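Paired with subunit B in one complex and with subunit C in the other, subunit A is shared by the two complexes that follow.
The block that comes next holds the complex of A and B.
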């Protein structure tokens, strides 16, 4: 036998190298396989090893409505993850979604109805039962109804107001309000993307684009932080990465701030705020005048001619755009050529372009780039959103008889998504009256521009005699209520859902993954109870609209009769799977949706080119423009002898020329309007705000995992601008607008335009729970904060909750789409003054009221409207009179 | 333990060697039930009249002054004032959360709640909430449970069922030591300090002393010191239990 004792370690290494060279790495224990986590759908207790119960649901941490699965152990949610059956979110949740279960067990959650006992906002309450609370609300509502009936004035019913900030009830809010006879349902969309919707809807029907990011080759991003926030952040960011990394697409981003999306881009440009439209129009100018446009598409599918567009765009040269935006003309020209000649391509835009006065025009200009390059509804292009609907239970209440001034201001006839920002000013000036104000998923005292005005109005019992909040959390708004009837959190409630978050249309369900905690009651049940108390014997004719035995009964009425879903089990199918239809499985390697053979399930494209059937065409007529009408309704468009369903417009073509805009003196084609902020003084700056990836606007600051990641919001200021003002990184600064000032901290960076200062939202709460308010530090050492080492005792190592900018942001309404001009406030920035403290906020209600008067001057009824639209050829003295319009 | 404003001493331990042990148990039962009731929900007319009437002198003898307010304002107004204080102190967001689970983990309805509920069930009791948002690990309910155990023990002794009485005594002792002892006296002190109304200030301070005196009879000096340290802890704000965090994916 050989003696191995003389073999050295070096000898073994040599042998090993030799073995490696012949591929021996592949040998070894052949029974061993790499541990692989199952791709969703199962989870096990870390302590007992037992399988956890999985319950699918639809997320509502923000408004993207991702598909999720909750894992429940011993009746508690212990983990959330994405639902692998959801075709658009493909098994992924964002940080907000993953942390969502903390909402349920938040010790600062409102767990019982509370009746105010002190002054409004004083924080004095008395606990009452849900029964007592719903009886009280019903009594207040009945008083209004009885008065309206006695005086035979249906307009009195509009004194019942429901203001929502996030309404994903699938029609429950509207059913409730219409049953009561009121049209005063006030949205929040105008502080979000209303002008985007109004920029798109008249042109092609729906309100947003669904880009085919994964298959595109070129992306122009205008003012959207796709990777972090914006509409459909989770699915869009997944597919954007698929496109840029997997498909080698080029990404060009326009944003005043170097967001994480811009830092991911191939090129980043920082235009002056509110000039994206000038850039888009200049690109359109290049594309049209250099004949790079899609001639067939423009001819066949739009309501304008190429010549008309060329003439309209003549003055929008790249040099003009450079003058306005600061983006070099040579780059605008180059990018326009690249965009027009790289196929397929798409734009995406969100808050950046539209949150301005005249933001609607900017959206329309960006949208036009896709139209003239023929990228609409192409694979890899700029596609229509794909959603699904569900029926409302019968009988459905009709809308109220009288239009509501608060819901549909007459000065804004095109603002189809309301102008909620005006409401407190209308009340202050006595232009509208309220008897009962109800607040659902809404926090305007924190989230609205000039938020201090909302606080003053909501605290005024003369203006709002009775104020009810349905919030499960004590927000800055809810703390002013007379009565709180707490809803449950989104993981404990029912809603039907469908969000066009990708190219696969689907619907989903939100269902309680655990029983409502501690016997709390979901909003939907509260609505049933209130209506049954308003009309106990049905004599008012209201009760029949809420003839549900249970909330589940209501949900079945939505889902059980939908063709296709019905055959698979309707509501029961959705309870089990969470989403319908199931398109396939997520391929673990490519993350694409594949069928059982592993082939990709491709979404449908060219939806507008679906042809009408013979039976659909039976009895139809075709007009000179090719529009196909049947029973007085446009059902399609005939092009080159083929009958297509077309787009959701009156002509069934893309209407770049908007006749309805012209009717009110607005330009029917996309234009650029120079804003007052563009003419600011040299020492002034424009205040911009932004969202971050781990927070919603106001609802997540008390979630520990998220607050730990992001809890303070220093103001981004360019290093040159900071140096010019003697400001160093981390120093206290005063940011002053016409309304007042805030004292915050400076974050000196190269990643922002020198004439812009940017402050994120989601921080600086004065309410919403101990963590958002950071009571841990403020009141130490009181009982709730800990007198010892807070890091060890509470694991809250930060001592800065940030400063909220909204009190100094001026009210400014886009006269077309109604959006708030979040990025139109001009400020001065200086070092903090002696006596200033971090977090100081001073804002004048009187100055905000002047803004209200000023912004009305831009409305079509205002004196600045004609001055700003000299180019519109219309009989200016014969514009339609301002009148109440719309019904709920 | 902070400087006590009032000191009461438990008779529980002494009662073991005295003849009237059943009576002592019933006495303790009544006291725990009373304090549990006061902390569990708002006062009603019946309770108020009891406090103003039959219980006034015994409470005064313990150093509890109900104050002139109890006589000078109408009962309905007084009940409203006390309800407002109760809600702000123990119910509404920002309150001194009366739940063991919140104290220990920073979140509602966590595992400590199960332990408390399980103790109730082992003794043949279950939990039924009266208001939404209530859980078994409410300090008032827990005190009431001690009262129930004392009462059952007293009855067992009266019937000569010493085995059952001993078993109940062990259950009570374990519950008090393990589930109330590590947090409730300290919680009472903090809540007493946070209360605006003298009635709740005093009742919470009284409860704290009752618990300390009880614990002093149940544990040795070393354990008592340990509990004393535990009661100096601040409540946890957040659950940083490793499994909890891991489960969240963070």
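The block that comes next holds the complex of A and C.
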């Protein structure tokens, strides 16, 4: 979030002046072509015909934050629809988004704060009021603060931990933690995309690429399932289909499994897991050595020379990449030539290449393909993310005084999105202490590698003396809490939002589309209440950071003073429209954003080539590299006599050569590192996991429409590999890793590499409500909404809830970007043994602790680091010492 | 609204509307947004569907493909369900919608048997919000939305813009343009039903049945579970 706002601020200023004019159009006229019926924006009851009340919101079914409109009938949300004013969502929602209102009415939703009465995880609870609950939490927090003050040790405040899995609060979590003086905010990004960001951000600035899918002619997809999941699935899917079908672009996809994206592609290749980087480097080799690269762009806009790149890429031949990946050299060569000579073109990648040890290098290699072909910031090319920022209410609390080991492990100085996976091991080994553990939108006992370790640690009252969860659902994690202060669902709460989900930067809000059900209270109000109870008279000096009369007051402080928006009504405009600015209308024929004359409102391209004004240049100095500095800050770059704003890097150029990587002994240029999994034995397989288009990682198994479509996750195994093991379709199998085994079913298919087995993460809950566990005939817990849905109680027809793979997935950390190596676990697959039952899970905590020790050997402080980076020419005995640096 | 029971075919009849859908299979990504939007639109209970997307895998590794086939009522211009309904519960609107009047339906299932497309089902009695059950239901082309100037819910949310809806009697409409300029097929044309859902670029093997036999073990097990629970209904075989 903090990284993200730095670029958005620039876009935001740019838009501040333009947006007023854009939003001022009155879109009255309609073209008399195409689908003559209206696309949306209005809704009528199918039974009564009455018009429904509409309230705009921003989706949070997954993390894409699509613009939506909720339709309310008799005080109840009856359906959701995409917000027609949202320029990137364009009026559409995915399956999860359309089903999102069911979260509100989930019969197993927690409707009241709960205090544990039995043992941790035993399921015995006492219902208490929000007032009692926030008082109890405040008391526990105050104890830590008093102890820190008495001993004058600010590091004690870091014993207050907030672990989030999905933080879309627009800074509320950070404000809360910093007000308490703690830096121990533990993220989740490293189990998601961290190494992708770390592969990109040092090179060109914050966040991930926004491809101009609709206008491109050639797409290389590396390990992303963009048509089903990934960052911005809905907007990206819409525009990808427009590009491939409407614009006749070619799509080439690399993935170990035939996802819907790879099936949609013109060509699908299934490389060995973790070798995408070798393929990308080989393509770069072809493009450079055959002189197919964009000479001007490489010369003007990068910090390397063509000769330097040619030399670096010399050994990465297509034949080398074939040896590593299994993708034929002739195809790599052909596709490299096609990619370099078809304009415009773009790559897209997501978790496939980066969720490996050294995944950061793989992302950097893929990114480089766009740079050397000059496709960056071109119409139809590989564009920078476009988000917008909003100001935080003043006064803002400063960060805590002491850096936090849990939030920012010192062995990973380049992992700017942190390494959360290590936390339970740090606690077990006594390397860090916790007094209060708070869990927000987080379910590591289900979603983390070696998830059994999290369960053990969260149940251990010595390691975690007080554990509070803000979840409105009884997840695998929340069931272990001492206190639950349930938040509301995303349709009942306030949040500011901005996501670079397309080429039109915009901001949006979440607001209660109905009053929170049954007296439940939103998280933001809970934070206000807790802070006011921690510091009732303001003597601690932290109450002032939460001096909001109401949650809406807090939201107004974000939005009411934004230039451009302010003139249109500030927060009131967002309450009414949900999103700002409004660029135009969705053309019913082409789905492009058009003005009232039907002409496309084209997004801005070439953001890096915006020129600095004379007043901006006043007093600026230009160094020999061309970087323009003012008041000690780089503000642009001079190229061929022109003063450009450039990219979000120190030199304002694209930094393919990363000096900072070299400092810690990593290769400053993208390289390929052969992983231990590549040297697996012939009879072994690599375990891969994936998301499906109708589920999130953990939160949707109790959503009936989605569960009906997808409720079990048999393991995908190629027919040849199954036959070699005597396994028939549907038979019980044991999948065994170093940690233990799971017993699941085989799904024999042609759509997967023979040496990979793939299991979806959507299913296999041991908690999260009755529907996820197929216990719909059981009585509703007393604390739940209950009563609920007779449809669920009577009409659930499926009888299989799946088996979750995470307990046998090994912890493995990318030493650069901090990512979990989700696809590095080597397994054996065999027929189930006598006595095995479907769903059996056995996983060793001791073996996982060994993985923790092993993965630290890859960190820059570890003994394997130098061995794996012989080519890096630095003084190995003088690497910077590992020091606590981070702030959560 | 004129009832137009047994309304004569309106395709090509001047002054009449003929609502139709084009499904461009090049653009379908199998995202299931239509399925969920439709469930929400009508509070469709578990175990029945007004629209589904069939999934089929073909080929041998590495030459494989996944095919998607959205299915819904074809709103036939010559609907056999209407002809066969003994109580006139099912009727054809003069603009082409084939609709159901719940209060006249005796759930005799004659229409279900008469429909060559498996587009009809009996509503379970236990529903969440809308308390109509035990009668036959079907896709309505969202006539309650269309008559208010809106598109059907499945078209509205279709991520790939695979579903296109409009008046085939209007030569300027998008559906007219697509049908005129692309090779399209309708399902089971030999039945003489004059179906009004037109598919662009279908895989021929996918067009035969809405409820084909499940192929994988996972689908077969789901089918077994489904029929244990819903004897009178049809299962589309799931997505695995």
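What we mean here is this: the second predicted complex is superposed on the first by the 833 of 888 C-alpha atoms of A that agree within 3 Å, B and C clash if a C-alpha of one lies under 4 Å from a C-alpha of the other, contacts with A are read in each partner's own complex, and residues count from 1 in each chain.
The definition used in the following text is that contacts are C-beta pairs under 8 Å (C-beta built on N, C-alpha and C of every residue); 3 or more make two chains touch, one makes a residue touch a chain.
The structure presented is a predicted model; accordingly, all values stated were derived computationally and were not measured.
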item	value
Which of subunit B and subunit C A:754 touches, first, second, both or neither	second
Touched partner set for A:141, first subunit B, second subunit C, both or neither	neither
Touching partner for A:76 - first (subunit B), second (subunit C), both, neither	both
Partner chain in contact with A:694 - subunit B first, subunit C second, else both or neither	second
Which of subunit B and subunit C A:194 touches, first, second, both or neither	neither
Contacts of A:710 with subunit B and subunit C, given as first, second, both or neither	second
Contacts of A:796 with subunit B and subunit C, given as first, second, both or neither	both
Superposition-derived comparison: subunit B or subunit C, residues of subunit A touched	C
First, second, both or neither for A:130, with subunit B first and subunit C second	first
First, second, both or neither for A:99, with subunit B first and subunit C second	both
Common interface residues of subunit A - those touching subunit B in one complex and subunit C in the other	46-47, 76, 78-81, 98-99, 101, 105, 704-705, 793-796
Complex contacts: residues of subunit B adjacent to subunit A	42, 80, 83-84, 86-88, 91-94, 96-97, 99, 102, 106-110, 114, 129, 131-135, 190-191, 193-194, 233-240, 243-244, 246-250
Touching residues on subunit A, where the partner in the complex is subunit B	46-47, 71, 74, 76, 78-81, 98-99, 101-102, 104-114, 117-118, 123-127, 129-130, 473-474, 517-521, 704-705, 769-771, 775-776, 781-788, 793-796
For the subunit C and subunit A complex, residues of the former touching the latter	24, 26-27, 29-33, 35-37, 39-43, 45-47, 57, 59-62, 64-66, 124, 126-130, 132, 140, 142, 144-146, 148-151, 153, 155-162, 164-167, 170, 172-175, 216-218, 220-222, 225-226, 228-230, 238-240
In the complex, subunit A residues that touch subunit C	32-40, 42-47, 49, 76, 78-82, 91-99, 101, 105, 227-228, 234, 237-238, 241-242, 245, 258, 260, 263-264, 268-270, 588-589, 591, 693-694, 704-706, 708-710, 712, 714, 718-720, 728-730, 745, 747-754, 789-800
